[in-house]
Every structure is written in structure tokens, then in C-alpha cells.
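In what follows, a structure is listed as C-alpha cells, so that the remarks can point back to it.
Just so it is clear, A, B, C and D label the chains in written order, and each chain counts residues from 1 on its own.
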Amino acid sequence: MNELLLLAAGLIVFTVAIGLARILHGPNEVERLMAVQLLGTGGIAALLLIANATNVPGVDDVALGLALLAPFATIAFVNLVDADEGAAERDLAP
Amino acid sequence: MSFLDIGLALLVVLVAVWTIAAQDLFASAVGYVAYGLLLALVWIRLYAPDVALTEAAVGSGVTGVLLIAASKRLGALKIAALEAPPSLAFKLLTGVLALLVASALAAAILMLPDPPPSLAPEAAVAAEGPGAGLGNPITAVLISYRSFDTMLEKVVLILAVLGVWSVGADQAWGGAPAPLRRSKPYPAMVFLAQMLAPVGALIGIHVFWVGADAPGGAFQGGALLAAMWMVAMMARLRDPPRIDAQWLRLALVAGPAVFLVTGLAGVVMAGNFFAYPPGLAKPIILFIEAFMLMSIAVALPALVAGPPSGRSEQ
Amino acid sequence: MISLLDLFSVAAISAGALFFFAGTVGLLRFPDSLTRLHALAKADNLGLGLVALGLIPRAESPLAALKLIVIWALVLLSSASTAQLIGRSLSRGRK
Amino acid sequence: MTPSILAGLVGAALVGLGLYGLILHPHPLRKLLAFNLIGSGVFLVFGIVARRGAAAGFPFDPIPQAMIITGIVVAFAASALAVALILRLSAKSGRVTLDPDAWAKQNGADAK
């Protein structure tokens, strides 16, 4: 059963890693980010599987940390895009 | 060796090649974030959950925000470098040099002594030493066995913060760094930050607390707390504090200061610099770690927020 | 000897892996950014959700099971919110 | 070949790759990325030393691992400082380059 779980972890990581081709191709910057977000979620799933299949302690906490940090890059990016375009800037003006 | 290990190794190298080879600056930075994620998985496979947690939080998460923001800002400048691209001969020469260094390192790895030398017994003494009883040997090493090192590392963080602050314009000194978002945030962003930050702060403290006996500790917990503060700043729930704020500076130096004072007290109490009196070692270590947690949680966002910006620049 | 619970785990995890596969295919093959975003959100929500669901019966303690659910909830929250943010930034770019 | 040796070889490859990028890329931010690659390659080599040094009932040698954790945080601090310097340099000079001659070229162009 543990072997099976590790196999599933590997499959999920490699599947989402294929999605990283979107980093290569883009064409939008947003799509490059989306590929990383998919890798992040796949990585969390793989960590959960590894946590269950092996006796390394604390792997679930690593997954928890990754889950917390998942939206990080995207928020930073959206903020900068808005700053670039000066959009929503007027919203701040009283 | 399983299919998971081989595949992960290949993926890490491929993504690293992409980070180096990409034409686009932003694509390269995003590639680095993916690289950090994959590396965290590799660390788990190397039986290093503490390192994996640090890599995930600092190496991928916080560094990712830093790099993505920097590449976006530099990309907005749209300035072509005046330099001529390196010639083919120079490229080849560099390639050969890189190959030589990598093969020398690989050869050294293949020829590592057997049986491998290990300091683990000494770490075991530090972890189970008189009255310590820490279940996590890495925390014991960081706070007890290599305590001076860890203390100086906090000083390095402070120096880096000072360095970043002093990069700003003279007239901006003492002011606040530019907000992480220039305009009014979207409701969805505010909602996300309001939900995530409290939960994340709890998880950060949890990671710190279990660090005495399980993977985790002040570094990892502090990095998660720092990340949550950054989420709040990115959604404009909070703005970066003024760099002359008293509480900020106190929080920054508290970690190494408490560490150093405790270490000096060890001379009197336990007969040696950075020695902890038997029976009290565990509470003292947790006490030091609590202040280090605070320093890290404050230093990392300060590093990402950057130098103070004059009001006039906005 | 495979118990019924194990069978449930295998089924749920396989289904989760399938959603990750579908999400990747969608990300690569769908024609424009918004549809790709749609594919991404499915993988985030259902793929991870099914994997977590499949692991719950195997959790060592109720607390470990709770942790699985918290992780899934966090990813649901951030994936839904960032999808909206990305969508907004895309629709602005189109104007 | 064991998984730890494989990871060590990956570390060696990363050091080589990073060195290549560090020397060849003219863009300072790309140099910084390459430098971080070298750093994580070295961490990986440290990591396998830690894994091989399993003894005294630990599945790893905690001392190299503790050093890696310290190293990751210091590497981040250095990167943040470098990013601040790069952003300041580009804001001040209006261009993103480390080439000292580029300044002369630009000033020459301005003088004309």
C-alpha cells in the first residue's frame, strides 16, 4: 500500500510538472504563474501522500506551510500589474 | 531508489536549466519559485523535514515574492542593456569551466569516505544533555551546540535590514517603505488576507512550539509569521511600518540581544559561555527561541518591503 | 489483504490524480487564459480534495485527519480567491 | 547508487549551472538567481553529507542540517540586500547593467 501511495505521489508531481511547460510558453505572465500554482497544489498532494507512506516526521507541517504560501506569488503579482497600469489607482483618491 | 527520486532529480535539474536559459526575466523568476517547491520535496526525500519547511517558507515563498516583484519592476523599466552579448568562445569557455567545477564536485561526492564521518553523537549529547531533553536534535544544535553561530546569524539579518534601509534616499530616512500595493485592494484580496493571516499566524506559532520535539522551530515559524504579515501588507490591511518606529527596532534586535545576554549569563550560572544550567535548559531554550521568532517575523517583511521611500516619490 | 477502507483510499486518490491530470491537460490545451484558469481551479479544489479524502481513513489520529481537512480548506480558500484576482487582472488586460 | 548520492550529483549539476549563469548573464537579477542556484546546490551537497552521517539513533546528522537552515536564511538576507541595491541602481541610473563602460557610453551619448 505504501509503495502505491508513493507511486501516486510521483504520478501527481510529474503530471503537474508537465504543466510547467506553461512557464516556458506563456504567453501571458499570468499563465506562467498558474503553472506554478498547479505545481504547488500538486506538491501539497504529493507531500500528504508521502507523509502517509513514510515515517519521516513533520511532513504534514511542510504541506501546511505550502498551503499557506500558495497564494503568495499570485497576490504579489496582481498588485504589481495594477501598479503598472495605474488601474484602480483612482479608487484610493478621496 | 525509486521512480519518485529519479524523477524529482530530473525535474529539479530541468527547472534549474530553465531558470538559467529563459529569455524572459519574469519567466526566469517564476521558474525559480517552481524550483524552490521541487527542492522542498527533495529535502523530504533526504529525510530533512526541517530543511524542507525552511526551503518552502523562505526559499520559495518569501524569496519568490521578492524576485517576482523585482523582476516586474525591472521589466517595467524596459531598458535594453548596452552590453554586447558574450561571444561564442567566451560561452564555450564558461561552459567548460562550469562543467569542470561540477564534475570535480560530483567526483568528490562519489568518493566520499566510507564509513561516513558524523557529528550526530555530539548532537545527541546536545539534545539529551543535562536537563535539555529536546526531541528535535536540530533545535538542540541550533540553540545549544552551535549557539554562537545562530546568534550571529540573527545579527546578519539585522545587518541586511540596515543595508536595505540605507539604500533609500537620504531625505527618506526614518520614513516608511512604499506600501506593497499602490491602490485600493480588491474585496477578494481583503477577504483572503483576513481569513489567511489569523490562521497562518496560529500555524506559525504551532510550528514554532512543536519545534522543540518535532520538525519546526523559530526559523520556520518565524518565516510563516513573516509571510502572514506580508499577506496583510499586500492586501493593505497594514502598511509597512516607519523604519524609525521604536517597536520595530526593538523587535529586530530582541532575538540576538536576549540570546547574547542569556549566553553571557551562562558564564555565571553554568560556568561557560552559552552553557545552560542543568534542569533549566529546555525552558531557557524556548525563551530564547520565542524572541528569535519575533526578530525573524519582523526582519523578513522589512527585507521584502525595501528601503524607505520619500513621500515625494509617490 | 486489502480492506474496504483501503479500497476507498485507492479509489479516491486515483480520482484525485485524475483531476490533477485533467487540470494539467486543461492548462496546456485550453484555448485561452480564462478557460485555463478554470482547469487550474478544478485541479486545485477537487484533485487535492480527493487525495485528502482518500487519506483521512489512513490518518493516525483524529488530529492528523483534521490537519488534512485544514490543508484542503486553506487551498480551497486561496485557490478560489486567487482565481478571482487572476480573472480580474485578465479582464483588465483585455480592455 | 543511492538516493542521497543522486541528490548530491544534482547538487553538483546545480553548482555548475549556476556558475555558468553567474558568469554569462549580463543582467544583475539573473546573476542573483544563478548565484542562488549555486547556493542551493551547495546545500544539497551538505544535505547528503547529513543523510550519510546517520548515527547515534538519528536518521540523519543534525549538525549539517542545522547549518543548511542557517544558510537558507542568510542566503535570503543577502538576496534581499542585492535586490534592493539592483532596484536602487536601476532607478538612479535608468538602466539595468553592471558594466562600468555602459555608464561611459551613456554619458558619451548624452554629451552629443
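One rule holds for everything that comes next: contacts are C-beta pairs under 8 Å (C-beta built on N, C-alpha and C of every residue); 3 or more make two chains touch, one makes a residue touch a chain.
Everything numeric here is computed off the predicted structure, so don't read it as measured data.
S.K.: Could you find the chain whose CA centre sits the greatest distance from that of chain D?
M.R.: It is C.
S.K.: In whole angstrom, what separates the CA-based centres of chain A and chain B?
M.R.: Computed value for the inter-centroid distance: 19 Å.
S.K.: Taking each chain's centre as the mean position of its Cα atoms, how many Å separate chain B from chain D?
M.R.: That gives a centre separation of 13 Å.
S.K.: So what's the Cα centroid distance for chain B and chain C, whole Å?
M.R.: 28
S.K.: How many angstrom lie between the centres of chain C and chain D, each centre taken as the mean Cα position?
M.R.: The separation of the two C-alpha centroids amounts to 33 Å.
S.K.: Considering chain C alone, which of its residues make contact with at least two other chains?
M.R.: 70, 74, 78, 81-82, 85, 88
S.K.: Going by the contact rule already set, what residues in chain B reach two or more other chains?
M.R.: Where chain B meets two or more other chains at a single residue, that happens at 2, 45, 47, 50, 62, 73, 186, 189, 192, 196, 199.
S.K.: For this entry, which pairs of chains touch?
M.R.: A-B, A-C, B-C, B-D
S.K.: Taking the complex as given, what residues does chain D use to touch chain B?
M.R.: 1-21, 23-27, 29-30, 33-34, 36-37, 40, 43-45, 47-70, 72-81, 83-88, 90, 94-97, 99, 102, 105-106
S.K.: If we count contacts the way the header does, which residues on chain B are in touch with chain D in the complex?
M.R.: Per the stated touch rule, the residues are 1-2, 5-6, 9, 12-13, 16-17, 19-20, 25, 28-29, 32, 35, 39, 42-43, 45-48, 50-51, 54-55, 58-59, 62-63, 66-67, 70-71, 73-74, 77, 79, 81-83, 85-86, 90-91, 94-95, 97-99, 101-103, 105-106, 109-110, 112, 116-124, 127, 137-138, 140-142, 145-146, 149-150, 153, 156-157, 159-161, 163-164, 167-168, 219, 223, 296, 299-300, 303-304, 306-307.
S.K.: Note which residues of chain A are touching chain C in the complex, please.
M.R.: Per the stated touch rule, the residues are 1, 4-5, 8, 11-12, 15-16, 18-19, 21-22, 28, 30-31, 33-35, 37-38, 41-42, 44-45, 48-49, 52, 60, 63-64, 67-68, 70-71, 74-75, 78, 81-82, 85, 87.
S.K.: Looking at the complex, which residues from chain B come into contact with chain A?
M.R.: Residues of chain B touching chain A: 2-4, 7-8, 11, 15, 18, 24, 26-27, 30-31, 33-34, 37-38, 40-41, 44-45, 47, 49-50, 52-53, 56-57, 60-62, 64-65, 68-69, 72-73, 76, 180-184, 186, 189, 192, 196, 199-200, 203, 206-207, 210, 214-216, 220, 224, 227-228, 230-231, 234-235.
S.K.: Show me the residue ranges of chain C that touch chain A in the complex, using the header's touch definition.
M.R.: Contacts found on chain C: 2, 6, 10, 13-14, 16-17, 20-21, 23-24, 27-28, 33, 36-37, 40, 43-44, 47-48, 51-52, 55, 58-59, 64, 67-68, 70-71, 74-75, 78-79, 81-82, 85-86, 88-90, 92-93.
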